[in-house]
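Read the structure below first, then the notes.
So that you can tell them apart, the chains are marked A, B, C and D in the order they are listed, and the count of residues begins at 1 in each.
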Amino acid sequence: MTTFIGKREIPVIIVVILSLVMIIPFFIVVPALNVASTEIQRMLVPIAGFALILGGLNVTLRNAMKISKRNKGWPFSIVLLATFIFFLVVTLTPGLEMLYTTAYVTVLGKVNEAIMALIAVFMATMAYRGFKIKSFETCLFTLSCLIVMIANAPIGEAVWAGAPDVRNWIMDYPNMAGMRALNIGIALGIIAYGIRTMLGRERIALGDVEVKVKKE
Amino acid sequence: MNLVISGRVADFVLFLIFCGTILALTLQAGRGKRFELKKRLPALDAISEAIGRAVEMGRPVHYTPGGNPLHGVRGTHIQMGLVICGHVARICARLGAKLMVSVATAEQIPIAEEIYRGAFVAESRPEVQPDVRFYGAGDPSFGAGCLGTIFRERAAVNMIIGGSGSDFPIVAEGAFRAGAFQIGGNANVFMIPLVVAACDYTLIGEELFAAGAMLSEDATQLAGIVANDISKVFIVAVILLGVVLMTAGAPIVLQLLKL
Amino acid sequence: MNLESLQRIDSRWIFLAFLLAVAIPIVNPIGLPLKISDNTKKVYEAVERIPDGGVVVLTPDFNYDNKGELQPMMEAFLRHLFLKNVKVVSVSYYGAASPLLMEEAMKSVGLEAYGKKYGVDFVNLGYLAGDETAVAAFGANVHALVKVDYYGTSISQLPIMERLRTAKDIDLEISLSAGMNYPELYLRQWQTTYGTKVTGGSVGLIYAPLIPYISSGQLLGYLPSMRGTAEYELLSRRPASAIVGMDSQSLVHLVFIVAIVICNIGVLGSYLKSRRGGAKI
Amino acid sequence: MTIYDVLVSLIASGLVLMALSFLYRENSWFTFAEQIVVGGLAGYGTAIGIRQVYYQGLTPIAQGMSWYILAIILGVLLFMGFFKRLAWWVRVPTAVLIGTGIGLNMRAGIETQITAQLIDTVRSISTPSLATNVNNLIVIIGVCCVIMFFFFSTETKGALMPVSRVGRYFLMVALGSSFAYAVMGRTSLVIARFQDLLSYPNYYTILIAALLILYDVLRHRKAL
């Protein structure tokens, strides 16, 4: 234990104070802390706003660098920068609401949805590669997935009338039991991690990479 | 006068028990008691192995802690992702691998750069500039950006450890197509099934939180994991006791938990 | 034939099968049968049981990422609600994009087609920042929290808002949610305090964890994703995009099932080969 | 439909197809769409960030809530990463975010993830209905075994071995069935996209895309 408060302890002290301010009013009646915890959460909004600006700066700088160095694929960076400026201006300038709606809702919204749609398609190959029966465990993994899929497909009920009942049973009992225990474990893990950080033992997330890494 | 908010008495007592166990064991470890974990997580051994292979192939390593705000509902998952990122960065620095870190939310950028720089400095390679990439706020742009990066840079290893959300399948598929070895870690119950289906090695649920302590090999951190094991035995005991009493017609434990 | 190679089909064939399974029923609807579940009936009855002239709060808590799943659901609810004599108040706690989605839904449903008027039968209050605190404040006193609607009109000029002062006045809360905490927010803030009835629907990903709330009766049924929407459209006899989508859903699930089965035939193939050859896998 | 609408619609569906073209193979069209999405969302995000700082950071200060100056200072500290000698200071705002996150996660975890779950797990196995008894028993065994599966401090052998194994079985069933539920939701997004793509005038773009892919397939076949 260090006896003095150095530069390295400042982040840890901040973490301790803030997490206690969040936790204590959740359990104990302390009106003042309650107000403080909601107020702090509201104050995080402008901080997150600054972070978003920083993000924009990061993206533009990296791509500007790419263009100036004529790195591979630099013309694409011009496209990116143009889109960036266009959306920045259109969103902020008053009086451009029509253009904003067209650009954001009609065009960008649809492309976003298309990227999200890729997820579903990729899940097909993920299922194709991931559900290989090689042991009893993978057999359970695959079979439970297949049964629930058959029951979820509208056509499945026409083929096997009992499928929804089996699915409901799986979801209500074994699935719930498994998920519940996972949740309990995760909550315990979070508590352990939180205390580790509050005691100043786990400092990597605070930017301090000075722990012993195991040797091969 | 009520001191503890009504309806949260049981929560508070349980919270104190769990925290107390962890604190007690951590103090013991601080006094020099050794704690050892017997169970190995294969995914952790796979990390340095995979990075070694990436160096042999001369291809980069891609790491992402996933996309959620640090202070949000799954903030600790991301923080854990950053912690493991620190360990991964050190291994990369030691073995001489090129590391790319993609972050999904903007407030992770500065701290990820700090961790990246710190890890390379700690392994006496201060000349390496942090390679932290950000692709705009939002799952679609993060997914698309990651996909492009992994594919164009031909990453040999892809690690998605932390709290990735719906962008996970896109990143995982991109990595598969680029022929990358995948290590996934997640504590988001909705995403764990996909992680298990897609990755070669996985850290699911509590394993994610234990992994940081295991990688550090710090006795005081390991003590927390051991303490959690004691808490688990306690929880199972509470459940079993409750069930026995309930079956005998006395729902005492249930009433206590609802306090 | 070499069964083993079935494990290594080029993923592009799977993508193609997937896309065809989606596209064919859209061009040429098949009309596969659909059984209506009790859960959907519960939601339908909850809406049917709203008293004449009652107030419904509809909360679209999703954005463009989940539009495909929840927009048809929102439209199905609106079509059903406008057939009845109820006041619909739309407000979102999720994000700035949600009111825009509401606007789009109104465009496709058409307020005039049902003889309803904006400000009298329907109002869009836009997005309220602050998550749980905002939900609690809205429940305690709507007029203290909200001053203007989405279009900047003062709510004192909107006759519909005279009917809605606190969460006690809400006859039914319909939550369309892309995140698990949203229905929980309304249960915690409105139901426990004011006894508000809560129903709605969510994306498929978060549906399973909500099942306990349905079985305990806190949620009056809850629609899972497009499947629930299709059943709801069928029940309210207003078929729209979700029913057409259900054919695609069926075929897509079939593609998944066939892909998994084919891969496992491949696994069986390599197992048989290793037994015949005496080599280890 | 006016010409303007048709044009906007064609641009949107063109970009959608470019994004989907990754399914065929990595190509420049996809990279183009990717840059548009990244640039667009980054620009939009920056605009939102400026608005957040203005309305939720500077406006409260103007209204007399002077403690919001602290939030502004913390926000500015995030930019210190650009200056090598001051880079250390980014840890301060990050610590604020991390501290809040830890506090919120710990308190949410204990209530929703532990106590509420325990309450529902403590069930009677002597109800009049045999089926309920069996099902309740399954839940109890499942929860206990999966909890013990995540046990790190001792080796899984002896009495712990069967418990841990049963826990693993339960976990596998749970994960498999959850996967199936995720499929249903995500597919709706593809369906919505295609309903859009297959309507007037967007199907013309599909035709063009199909021709491009066909050309690419034939070209590569010749090369083989």
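Keep in mind that, in the parts below, contacts are C-beta pairs under 8 Å (C-beta built on N, C-alpha and C of every residue); 3 or more make two chains touch, one makes a residue touch a chain.
Everything numeric in this text was worked out from a predicted model, so none of it was measured.
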{"item": "Required minimum of steps from subunit B to subunit C, each step between chains that touch", "value": "1"}
{"item": "Farthest-lying chain, centroid of Cα atoms versus that of subunit B", "value": "C"}
{"item": "Top chain pair, ranked by number of contacting C-beta pairs", "value": "A-D"}
{"item": "Between subunit C and subunit A, distance of the C-alpha-averaged centres to the nearest whole Å", "value": "22"}
{"item": "Whole-Å gap separating subunit A and subunit D, where each centre is the average of the chain's CA atoms", "value": "5"}
{"item": "Cα-centroid distance, subunit C relative to subunit D, in whole angstrom", "value": "18"}
{"item": "Subunit A and subunit B, separation of their C-alpha mean positions in angstrom", "value": "12"}
{"item": "Touching two or more other chains - residues of subunit D", "value": "19, 22-23, 31, 33, 37-45, 48-49, 56, 78-79, 88, 90-91, 93-94, 97-98, 100, 102, 104-106, 110, 114, 118, 120-121, 140, 143-144, 147, 150, 175-179, 181-184, 186-187, 189-190, 192-193"}
{"item": "Of all residues in subunit C, the ones touching two or more other chains", "value": "11, 15, 18-19, 65-68, 129, 205, 208-209, 212, 227, 249, 252-253, 256"}
{"item": "Residues within subunit B bordering two or more other chains", "value": "8, 11, 15, 18, 69, 71, 73, 76, 79, 106-107, 109-111, 114, 134-141, 144, 152, 166, 177, 189-190, 192, 194, 196-197, 205-206, 210, 225, 228, 232, 235"}
{"item": "Chain-level touch network, classified as line, ring, star, complete or other", "value": "complete"}
{"item": "Of all residues in subunit D, those that touch subunit A in their complex", "value": "8-9, 11-13, 15-16, 19-20, 22-23, 31-33, 35-53, 56-58, 67-68, 70-72, 74-76, 78-79, 88, 90-100, 102-107, 109-110, 113-114, 117-118, 120-121, 135, 138-147, 149-150, 167-184, 186-187, 189-190, 192-193, 196"}
{"item": "Subunit B residues within the subunit A interface of the complex", "value": "2-5, 8, 11-12, 15, 18-19, 22-23, 26, 30, 48, 69, 71, 76, 79-80, 82-83, 85-87, 89-91, 94, 105-107, 109-111, 114-115, 118-119, 122, 132-141, 143-144, 152, 166-167, 169-170, 172-173, 176, 187, 189, 192, 194, 196-198, 204-206, 208-210, 212-213, 215-218, 220-221, 224-225, 227-228, 231-232, 235"}
{"item": "Subunit C-facing residues of subunit D, complex", "value": "23-25, 48, 56, 120, 177-178, 181-195, 198"}
{"item": "Touch list for subunit A against partner subunit C, complex", "value": "38, 42, 45, 101, 105, 109, 112-113, 116-117, 120-121, 123-125, 127-129, 131-134, 142, 145-146, 149-150, 152-158, 164, 171-172, 175-176, 179"}
{"item": "Touch list for subunit B against partner subunit C, complex", "value": "73, 138-140, 166, 177, 189-190"}
